[in-house]
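You will see chain A twice below: alongside chain B first, and alongside chain C after that.
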Partner chain A sequence: MIRVDTYPTHKYADFNLRTGKPIPFGATIVPGGINFSVYSRHAVSCELVLFNKHDREPFAVIPFPDEFRIGNVFTMIVFDLDYENIEYGFKMDGVFNFNDGHWFNREKILLDPYAKAIGGRDIWGEEPDWSNPYQYRGRIAFDDFDWGDDRPLELPMRDLIIYEMHVRGFTKHSSSGVKYPGTFAAIREKIPYIRDLGVNCVELMPIYEFDEFENSRISPVTKERLLNYWGYSTVGFFAPKAAYAATGTFGMQVDEFKALVKDLHKNGIEVILDVVFNHTAEGNENGPYISFRGIDNKTYYMLTPEGYYYNFSGCGNTLNCNNPVVRNMILDCLRCWAAEYHVDGFRFDLAAILGRNQDGSPMHNPPLLETLAFDPVLGKCKLIAEAWDAGGLYQVGAFPSWGRWAEWNGKYRDDLRKFLKGDEGFSGAVSQRLSGSPDIYNRHYRGTCASINFITCHDGFTLMDLVSYNGKHNEANGENNNDGGNDNHSWNCGFEGQTSDEGINFLRQKQIKNALSMLMLSQGVPMILSGDEFGNTQYGNNNAYCQDNEISWLDWNLLNRNYDMFNFFKKIIEFRKMHPCLKSSEENDYETHVDNGYPRISWHGTRAWDADFSGTSRLLAMLSCGNNTGSDGTTQYDFVYMAMNMHWEMHGFELPGLPEGYKWHVFANTDAPAPNDVWGAGKEVLLDNQSEFLVGARSVAVLVGKL
Partner chain B sequence: MSDKFIVQIGEITKVNLSGKLDAIRAPLLMEELKSLIGQSVKRIVFYAQDLEYISSAGLRTIIFAKQKLGADTELYMIGAQDTVTDVIKMSGLDNFLYLQGSYEG
Partner chain C sequence: MEIRSYLKEGTTIFELDGKLDVNTSPMAQEQIMACIVPGCRVVIDMKNCDYVSSAGLRVLLVIAKQLAKVGGFGVLAHVLEEVKDVMQMTGFDNLFKCYDDIEQAVSAVQKGDRV
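Entry: the complex of A and B
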């Protein structure tokens, strides 16, 4: 088919132009040229600035002809460009008026908010040329990746086991043994490991373009450079970070990331992206011009009536998420990741901000969240909210959800940690957390899959550090240990930090297994922090956001040293998969009892059917009942009993009675030294004593009742 | 540098790649490869010892060869330098290509 709109009609200097299409925004390859389109409500005029890759000075500045403008969108096609080797930006002209919120400055070259690829910072940590007027440069991306028959996996939420990972930290340490450390390609090399562990979903900390040099400074303690390592500060929402790609210097990060997603999918592993729509890297009034500030400040940022930047993110500015245009941008962005990158879901950082109005006030029915919940393209995507922000809005349990949003359950983390370290009186709270927190997430409306259960995540201690330190040790961050949370609910098992004391180390390993057992046997969706499975430590730093070194990089040497721990993780993850009664019920299944009369979940103490929920209790047992279909096709009743003794003394737990023929077998006992700490799923050991099980001090036992 | 990429057409077709295969030169290779459509080519052997650099556009030309010439056509790339094989593997565009040091036949 011959298109009649593929020939230039106008000329500017040596450039052939034609009127462009306003949608899609950004830079799109069209026959013979590139369609450029950018929105600005308040700009008066716009120029396209073109560079040859890496050149300091542009080779062309082409004004968008006013006759090409449609509404508030500047658009044009420029023909005959070497699309692999150019970089582009915009210059916007308009008013500068602080009170009115306009920051137009026609000297600044601005990054296209819709840039699908970004060049200029291709190598991680390479000191930028600070005098370069245009640091982050839009590039043209190919969107023709050959996916074969790949598509998002659409695993049921109830089956998900999430593994939170930092792309660079996962493989940067030399012990990782990969060819391209710290990159997307390196994660592919580790896919066999991830499969072996058994998780089926990888949640990646920010992978879009961000500035690792933001707030960079030298640590007064270590004299090393501190970087914005975690990346919670967006430069380009639509572009994968070039410096995370082994092919970043060749500009192939888009292909490389897509290849990663394709490979993960092929291995049955979903991909969830951590997205940060609450603020940008442009900071507050003193921050740089990168993109939004110069393109249309008033549209993109929440501003006070005097024109200052609201700071609900704690990072200088707040994205104006419920402005209709910004809302569309967020939607376009997520649709792009879902449709073009086949991403399976998103976790929204500081999501409470997404529910704030343009003037900062919390909204009852935030249009953005509703839009995302009902969007057709995102219809099968997981949507997970970190349901709080830095401005005092704490919405765990109350995040507007329309039945689609899940939340990071901060209460799960806190209650389990307190119980784990032996605080008294938490049995009642823990019983709620283990059953999917129905006190927070109504079973009929939100369902227990709304609860993302976790004990550790990137924020705070690693699991090994949770049981090795009473307090945080963030001196290396250079803020006098004032940064990072104080309410860690951690316990060092008798000594602060690393020790050679065998007893303490055994207890720490046991506590880790205790925590994991409870997490993996909980209703809701479990999430673990990458590295916890082999006892990775950050040496007590609970806020390693700026540490680009051994503190935050996973030490794979620990995998050999702590192989027993890895084995425990692997076995218990497998166990969860083999026992559907541990997972949240199917939708619309509100049965409370199995057809044999046993309740689906019941609570016990040292006496069966009699849990101690008093204020001095330190122990609890859970019995989960359901059905299980074996590999031979036969179905039998399934009984999983977990006794949790967080007291410092051994206790006998009276075992609930089982139906005729069924007997108790032990699957795991954290008090037993490896390899007797855990048996394979299906290989549980028949107990001689069917009426009582002795659970050691600070230990968890998991029993299975079967024929 | 020879003018033509394809040096031998047949069931086994041999192609010489040298210098840079980027957005400027890739379309030329693409045109030559198009002439193979419908020619019952069983195998294409790309000789890449002198290939210094392959870009996104160059890689896509190779992928085009695979897609247009059929699932039964095998693609081999012989003697490519590390920089080239690295880029192919890292970007994930290698699962339809046999990368080898040398080729008999």
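Entry: the complex of A and C
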């Protein structure tokens, strides 16, 4: 059947046109042509600007005829376009009135907010031609892909082990041994490694198109060019960053990213995207026209009554997330990534902003967050909030969740760090953190999996730096070491920075293992920063957002040097997987008892059943108990005991008694040098002394009780 | 792009010369698809094809699906490394088997290689 709407009805110069379909927004391939559709409530007219790829001058500027506007949407089909080799933008005409919030300028060529692929920054770090009037250039993307039977994996939250990474930094270092370093394709090459480590979810720092040259400058200290390396500044929400694809120069970033997702899924690994909806790359009143500002400033941004940009993001502007049009754009965007890219979940940067009203006030029931929680397409997606913003709204534990939203638990990070470095009086707080932070996440309502537990993430010290530096060393960032947080709760173990002192290095390795043991035995969802498993360092830089160099890139040489550490990570990740009692959920509530009478979690000290939660305590032991069904179908009790001695002296821990026949076996003892620091899960060693375990200074021991 | 075809031992060889992109892929699709009938044997010789675009990859995909659907056999020959890399990185690498020379390719399709 040939549809009647495959024929043009209008002509402009040599172009055959027809009124388009308003939905979906963006540029869509239709039989015979491209359907362009763009919303603007306040523009009076709109022109489509067409370029041959990379050309500075357009080959056509086609006005949308008045009769092609439906409601507030300009929509038009242009027939017979070479859609693989064109770039497109819009020009919008309307009022310019700062106080009213209107910024129309018909000279500016604007990126489509719904552009599915974006050119202009195809090769990472290649200095753009700043005189080009159209910098970020909409392209037409093929949305078909041979997915086979792939779909998002839908792993239960309680089984998730998240591994946070920067697409470029993960493999850019010359030691990574991949063919196209710093790309999506390179991550695919590293899948066997990721599998071997045992994590089952990669969380990618921003991959939406951004401009690494935004605010680029020369470091006064190192004389190197500083870039926006992290990319928390979105140019286009619907487009994967071209320069992250080895095939980006051919415009194939969409396919390359999909191939990565498909391959990760095939290996049992989920993909979570770190998404930045709180602001855009257009900055404040002095920023450039990229897209939203010229298309409908008043719709897309939160504005003060005088017309200035609210700055709850700390980045110059704030996306007007609870405007119904913007809300729909965010929903369309996430649906696109979930449905078209098979992405498994999202981590929302500065998510508290998403709950602010159009005037900036926090809302009780933010419609955007509710919409996302109940959206049919996103129904099985993981939704994770960074539950604060730069405007002082701190919602850890209070983020509106509808039982769907999890949170980065900043309190977990801080309490664990203080306990680890030997601060006194944190055993009570740590007992809460290890049991899923019930004091924060009203467990009946949200469950332990509302808590994403982490000790390190991209923002702050790496784990090696956490035990190697007392203070940040951000001089290379060119801000006189004033940037980056000061509340690191770190301890250098006796020397600031790298050292050849064996004692200090042993202690550092031990502290890293201590940290990981606590993280992997905590209720909730653990997250590891990539590279921590082999002691990656940023040389004390705790805010490496602008460092596109060895400071940020993972040094894979360390994997050999610190193989024992990697082995410890691997073994303890495997251990977590084998012990369901470490992963309770709402149905398997930690506060109840197992049928043998043992609580699911109990707290102990140097004496069993007698934890010291006093203000001078640096010791704590946790006993988790559950049922474990073996492959032969028989059920046994599963006891996991972790003694944590953060004091600088050795202490004996009296071991809790076990039911008849069960014996204590040691799985890990961070005080012992490798290879005696950790035994394979299931290969734990029977203890001679079943009543007490001597835990070395600043050490953690993990025991299992089994038949 | 130029497309030449010839028969070798009952197998149709298509030589693609030039870029397989949005402008040339409809022609390639039309010519190759016309040969795809039950039991057909096809080799696509890509030694002079130095670029395959998104649209080109999709034509190869369509051809592979059509071969599977009607019960024909086809492989690629002489795929240049940069083209092979692009196919691999974009997930289009498991459509066809690739051979380094025509003899191997022909013998493979005659033995019944499809993908």
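Please note the rule applied: the second predicted complex is superposed on the first by the 701 of 707 C-alpha atoms of A that agree within 3 Å, B and C clash if a C-alpha of one lies under 4 Å from a C-alpha of the other, contacts with A are read in each partner's own complex, and residues count from 1 in each chain.
Note that in this section a residue touches a chain if its C-beta (ideal position, glycine included) is under 8 Å from a C-beta of that chain, and two chains touch if they have at least 3 such contacts.
Fair warning: this is a prediction, and the values are worked out from it, not measured in the lab.
**Q** In the superposed model built on chain A, check whether chain B and chain C fit or clash.
**A** Overlaying the two structures gives a clash between chain B and chain C.
**Q** Which partner does A:83 reach: the first (chain B), the second (chain C), both, or neither?
**A** A:83 sits against chain B and chain C alike.
**Q** Determine, under the contact definition given at the top, whether A:180 touches first (chain B), second (chain C), both, or neither.
**A** A:180 sits against chain B and chain C alike.
**Q** Using the touch definition from the top, say if A:246 reaches chain B (first), chain C (second), both or neither.
**A** A:246 sits against chain B and chain C alike.
**Q** Which of the two partners, first being chain B and second being chain C, lies in contact with A:226: first, second, both, or neither?
**A** A:226 contacts neither chain B nor chain C.
**Q** Using the superposition described at the top, list the residues of chain A that contact chain B and also contact chain C.
**A** 82-85, 142, 144, 146, 180, 183, 185, 188, 245-247, 250-252, 255-256, 258-259, 262-263
**Q** Within their complex, state which residues of chain C touch chain A.
**A** 21-23, 51, 53-55, 57-58, 61, 85-86, 88-92, 95
**Q** What does chain A use to touch chain B in their complex?
**A** Checking each residue of chain A against chain B gives 82-85, 142, 144, 146, 180, 183, 185, 188, 245-247, 250-252, 255-256, 258-260, 262-263.
**Q** Give the list of chain A residues in touch with chain C in this complex.
**A** So the residues of chain A in touch with chain C come to 82-85, 142, 144-146, 179-180, 183-185, 188, 245-247, 250-252, 255-256, 258-259, 262-263.
**Q** Please output the residues of chain B touching chain A within their complex, sorted ascending.
**A** Listed in rising order, the residues are 22-24, 55-57, 59-60, 63, 67, 86-87, 89-93.
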